[in-house]
């Protein structure tokens, strides 16, 4: 499973509606309004990187009010060693 | 529980070691090497925003090789309505 | 109580009207026209971070003429130790 | 009385110590660690703009670990009209 | 007397007309077309900082074709010590 | 006579000393500490643009603590038409 | 043969259609949707740099939905020395 | 004679037409489509800096499709000492 | 097979040596000195995204003189439809 | 013949010396100190783009005090049609 973070800048009066729409996309595990230069962050769990086309290019970018996205694709996870994290946010 | 994303820029030869150190911080649920303008992203789960001082100011920023961090603090979650997500990435 | 600073960029001919509207939002303690790259700064006093959604996403960002906001959320206050500052926050 | 916001970027391992030092400057009413591209925000209350030289140029900028500051000087306050705000600037 | 520099970015076909309009504002001592990332620079002489609201927010920013302004407010003058500069500010 | 504005970014602990040194350069009519992304602004009055080499490249840029300068060269002045401005450039 | 990389920013709802159109340009060897601040990257193989005018200025920039392009033109290739790369991506 | 470089960003479908129009301005010695963040570069030869107003503010900036210009004005030439360059500025 | 473009900024006196070293990394198909804000571009062909850790984090970023990299990961290829491109730049 | 513009940012106390050194490179037709965000501009006349490696990577970037360069490579010239420009490129 591949993790990606999509940082989203949107029109001010569309943020709440976009958050609700993006939450319904099947690859979106979590989506939040955030402080800072972006308005929303979506956390994706993908089977393969080709799914980015479905969720970002054809999913998020096609929604009215989305101005820009920047996708940070995780290519290496650093698991916790000292503590068992099997229950915390397993990748399985 | 409060979610935050810490975007981290680090010295090139310190990224892997930093990923392993950051993974051990108790508020860090996940940490990844990512594509794009930042080198690492840490996903935090916090009891309150005062914990940012412990994990970011005194934790991550004190590690050798960290050049800058930018914290995106989630202030509203958009839960999935149509599908039950109780199992997907529970906040509990 | 949580403090946040909202930096606001607005259309030039809307700044004065926006300042007056933002001053009426209940979480806004002070709002000013400022020099520099932003046009207005609002100082917020919040009960919890969820109130950011009400005041920023649904309050400020919905006002006509607001182009962008950037929210700086305080997560640690540094109180004055040497001098009593009990009186020092008043506007005089 | 003139209000100004000083946005401060600092070396990661100096932020907490700087917050405590800046809090002791007499024109600094409040100072916080904040999320976003800056590390600290200081809220100033000044008798006149010449005091900026004392507090910023000779005060904050001379402290070890300060990398950059950007000062937003308020030149117009928008008072609340509908509600009495006489009590609203306290930290409660 | 307070000095301020207003850096102005404007629509290309409006620069000359804007220069002429801004020159008529009473607090504007000089205004120029300039090289570099801004199009016009206005040199202001103000009685107090509240006048910035009149000349910038309500004056310059309300003119058609102004895209952005950035105001640099002088808070300390460095007078020449070795030479008498009493005559040096004239335009010759 | 040619007017130019030199925006100067300097090391924090050198700003006051630099202001005093720059004030002594013969082409510098005024120099100020300013709010915003630059630390100092120098107002130049030049006989010809070749003097920029003397005052900027060999003068200001050679002073210890200067990090960057950006020169905005005026190529058109917009004189006031309605009011006589013969007296308006003085510092009063 | 000259190699160039064209980084393309496009309207969100036009990316997929643009990728397909750009793929048909004769100098475009490969084109991809990519993560990061740009949306598409086109890899060009050119006979001479004048062909950039045909493929970029008149080709890509004329397509509806293209917002900006930035062209990185290769002026020196570093061939692999240790391994025979005759088959890998020959320049011929 | 004064040399200046005007860096021009333009609408994608107007670049070729703009290049042809700008080439006809009498102070424009050369104009090119270029790689990088700007679309066109014009090389100017001016009698005095006041001509910038004619060629840039009233000439280039008034042409439809020009989005921004940035003018780099040469204030010191470094002539070649070792070799005679009397012939070297021609286009050959 | 996954394609990625690594944009590399390097110290000026190390660019040529870095180009030769990067060319030897097994996942690097091509590497070039380029015009524009980056110094080198490496074209990668990867078996999976985890290889980015080997080639970028541990490979390129560990080389002396590399200042920053930005990786653009391709997640969708747009194949040419009208013409057979089997011979042009085969991925095999 | 290929034309390129190299924009150079340099250490303040090295600009004049660098201008003199760069003027001696055989592909450099002209070099100037300029106003704006860059310090020097070199105008190159090249036989082919491979010469950029010699003049920029190994020439300019190897000189002490050069901090960054950005090369704008001309790929289309727009010749003047209405007037004969055979004489117009000389320095007079």
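For clarity, chains are labelled A, B, C, D, E, F, G, H, I and J in written order, and residue numbers in each chain start from 1.
Rule of thumb we're sticking to: a contact is a pair of C-beta atoms (placed from the backbone, for glycine too) under 8 Å apart; a residue touches a chain by one contact, two chains touch by 3 or more.
By chain, with names taken from UniProt: A, B, C, D, E, F, G, H, I, J = Lrp/AsnC family transcriptional regulator.
Remember, it's a predicted structure, so these values are computed and weren't measured experimentally.
Repeating the A-G interface with over half of its contact pairs identical by residue number, the matching pair from I-J, E-F or H-J is I-J.
With each centre defined as the average position of its C-alpha atoms, the distance from subunit F to subunit J rounds to 28 Å. Each chain gets one centre point, the mean of its Cα atoms, and the points for subunit C and subunit I are 45 Å apart. If each chain is reduced to the centroid of its CA atoms, subunit A and subunit F end up 48 Å from each other. Touching of two or more other chains is recorded for residues 16, 33, 35-37, 52-53, 57, 70-73, 75-76 of subunit I. Pairs of chains meeting the touch criterion are A-B, A-C, A-D, A-G, A-I, B-C, B-D, B-G, B-I, C-D, C-E, C-F, D-E, D-F, E-F, E-H, E-J, F-H, F-J, G-H, G-I, G-J, H-I, H-J, I-J.
Every residue of subunit I that touches subunit H in the complex is listed here, in rising order: 35-37.
Remark: subunit J residues 12-13, 15-16, 33, 35-37, 39 touch subunit F in the complex. Contact residues on subunit A toward subunit I in their complex (touch as defined above): 2, 49-50, 52-53, 57, 73, 75-76. Subunit C makes touch with subunit A in their complex at residues 4, 52-53, 57-58, 60-62, 66, 68-73.
Taken in their complex, subunit G has these residues touching subunit I: 3, 5, 7, 16, 19-20, 22-24, 26, 28-36, 38, 41, 43, 45, 70-83, 88-89.
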